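Sharing a structure, written as structure tokens. Questions coming.
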Amino acid sequence: MFRKAKHIREKYLEENMWPSIFCQACGIGTVLNCALRAIDKVKLDIDQTVFVSGIGCSSRLPGYIDADGLHTTHGRAITFATGIKLAKPELNVIVFTGDGDLAGIGGNHFIHAARRNIDMTVICVNNYNYGMTGAQLSPTTPLGGIATTSPYGNIESPFDLSALAIGAGAPYVAKWTTIYPHETMTAIKDGIEKKGFAFIEILAPCPEGYGRRNKLNQGKDNLLWFKKNSIGKSRYEKLSEEEKRACDKIVIGKLNDIDKPEFTAEWSKLVDKHFVE
Amino acid sequence: MKKRDVSTATDSKYRPARPFNREEFDRIRRILGGKVLFVQGDSAVSYGALLAGCRFFAGYPITPATETGEVLSQLLPRVGGVCIQMEDEIASVGAIIGASRAGTKAMTATSGPGFSLMQENIGYAAMTETPCVIVDVQRSGPSTGQPTEGAQGDIMQAKWGSHGDYELIALSPSTVQECLDLTIDAFNLSEKYSIPVILLTDGIIGHMREKVVLPEFDDVEIVWRKEPTRPKDEFQPFTDDGSQIPEVAIFGEGYHTYITGLTHSESGYPATDSQPDHHRLVKRLCDKIRNNRDKIIRVQRDYSDGGAGATGIVSYGVTSRSVNSAVKTLRQEGLKVDHLRIITNWPFPEKEVDELAGRVDRIIVPELNLGQVYHCVKEAAAGKAEIVPLWKTGGEMHVPRGIVELVKGRG
Amino acid sequence: MKTEMRFVAFGGQGIVLAGVILGEAAIADSNNAVQTQSYGPESRGGAAKSEVIISNDDIDYPMVVEADCLVALSQPGYDKYAAEVKPGGTLIVDQDLVDAGTPPEGRAFYSLPFAKTADRLGNRIVTNIVVLGSVCSITGVVSENNLAAAVESNVPEKFRELNQTAFSEGFKLGAEAVKLKAAGEK
């Protein structure tokens, strides 16, 4: 059942850090809400959980949680998370990142972590631009999108982050938008429970950044845009090949869930084989 | 879907954050096989790391540093640690900082091009006061330069490589034995002062094989970081208890510490728009090293009996070996030489150089670069003695005869 | 007492390992030793050099200044370094791989069939161990026992016997050459 906001607030939030830096109608707060509710639902031991992030708006999230947090350098969160997990495999490691942090400056770390399959949950708030520095073009800005460094419209093909994660070998991948908070929460919960590299991409509004420049300036407009322009995976799969080709909507849902050997479990076996008393 | 099961990890021998004691030290000695070894500098660094309690290595292959990672990839599983080859050197430093924060002594090793990539995260380690060791097996640069040759071109980068104001410690071994001994020192200093420590070896020592004697447990000091002394709800990660060195709470022990590269207050939380907070923070980052310089700095003095006419020589790293040889020849010929060997490159031994400058008319500074420590010596001597550089690049050591001739020719 | 040894060859002929084994034996003899090497980026075929300094005192400068002994398994290596052997020093070359022309005067010169011996034993890869055997009997720079032990600890178990044979064949080869030379000089 949904816990009361008061319960979540008192149990998980760092009271000294409020108010947050987030703009009105920003989607990042929803992501935090969903993540904390997922954590509550799995009854994750918060003392045994470390939140790691890079640089950008979404990377500020660990600061608002009353737990161990490592706010690292731009794009590198996953590398620090790798060190934490491998040094103390019993810890739960959750990474908050954004599209620029993860797929721009940190793209190489992202695909390698997915390939290695180290047990961690990476939650990416994809808001189509570099919000913190002032709405610049990001690797996920849609074609034609206006950003402060693409004032005449973006001519670069964007990354599909979830497809990238699947291609790189991530065993659990889900994509949702903040207009579906319950599904987002469930996806994060599944990601945490997955023994392996779990990637949850959440499309979120950036009203003051990308939104304002692309006629999505009210949070509600943006959410409705996400709703109109997305299609659930199961519905998409029922389409004919021709309909699929014609479909320009974003496919959302649980996109990958497979079992494969996880790094720390494999390393554990390797150590037990070669350990010298 | 498989549910998470952490028991596999904790029941296993895979336990990098293992307590370190005599038994563990002796186990490592046993695994290394024998008391006296004939090994490369790169391997000696690996052995020193294991003896110091390092149980985590992350690195990226690069000549002439690769052997350190190769050796550790073989040995770390045997001792219950982790060795991971990352996608680049940026990731390697990220991983060792994460590992250190999770309670493991951690190290990476690289050479010039990789060291350049590491600088941002080295600054992060300095800012967040995270103990870790970075080995730079120097080769000729700039850029790709001479991969298989040694050099001493990264001395200034080691100190000034990242942006902003900070201090760190850098050590220069001149023998393979010192590669082992100073790696242990590097870990101890990083733990004691909660900072990144750079070990500046080079391609010559890194690939050179020499006799190494493994120390006994009673011969070495093994330092572990200052752990929290206050209750969890009162603990703040950057409180200055007067020593200027913070207590380090390890992730997963319930202290709920927030660590950021942003300017932060004692609580660890961002304080980016406060001039006093920023000043207090970076001043302390620098002062914790500057105020302890006498405890940190190590030099070796090989001085004549004083009096007029002596020539001073300041050297460090592999170049000290050429100087040692030259000094013997010069003394056989009746010349007076005062040799100051720098072991701690950073913080720079200004006082010690000043003292030497007071004894001699001129100081020769041979290095394998086009003038780096030369500038520090000149600044420290402050006009008391003439400072004469002796520069060499291209991968070869200074030939002792060249130093002899310079001393005699101008003597 | 300090002895400077220099091995030159093409990459892949095993002289780096030969230097390492020699250094290990010197350490076992309770001496000090430094081994250095230089080679090109290629694993096989480029110029390779391996140097070992052995001394009962501290070794400061770790590079060879004037070799007491040069061992050459390649023509370019020989051509480059033959003249740098100290007067009274020793040159040892492979008779089929190096055409020494007129060797420098005032140095002992040995031209021996290392590669051919290795071929006869069934694997050219042990040429370096044959060389070590001869270096040991010709120069006496390390003890035979400790060198044989160092060979054993540095080769894969399944090739141990082959290497032991290579070492003793090399040792004999050198010893006979020394005997012959002594007889010739009488």
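Which chain is which? They are A, B and C, in the order written, and residues in each are numbered from 1.
Please note the rule applied: a contact is a pair of C-beta atoms (placed from the backbone, for glycine too) under 8 Å apart; a residue touches a chain by one contact, two chains touch by 3 or more.
Predicted model, so just to flag it, every value in this text is computed and none were measured.
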| item | value |
| --- | --- |
| Topology of the chain contact graph, where touching chains are joined (line, ring, star, complete, other) | line |
| By mean Cα position, the chain sitting nearest the middle | B |
| Whole-Å gap between the CA centroids of subunit B and subunit C | 37 |
| Averaged-CA centre spacing for the pair subunit C and subunit A, given as whole angstrom | 61 |
| Complex contacts: residues of subunit A adjacent to subunit B | 14, 16-17, 47-48, 50, 52, 62-63, 66-73, 76, 79-91, 108-109, 112, 119, 190, 192-195, 257, 259, 264-265, 267-277 |
| Residue ranges of subunit B in contact with subunit C within the complex | 36, 38, 147-148, 204, 207-211, 321-322, 324-325, 328, 396-397, 399-400 |
| Touching residues (chain side subunit C, partner subunit B) in the complex | 20, 23-24, 27, 32-41, 58-63, 65 |
| Residue ranges of subunit B touching subunit A (in the complex, touch as defined) | 1-6, 8-10, 12-14, 16-17, 27, 30-31, 55-56, 58, 77-80, 82, 84, 86-88, 90-104, 106, 120-121, 124, 251-262, 267, 269-270 |
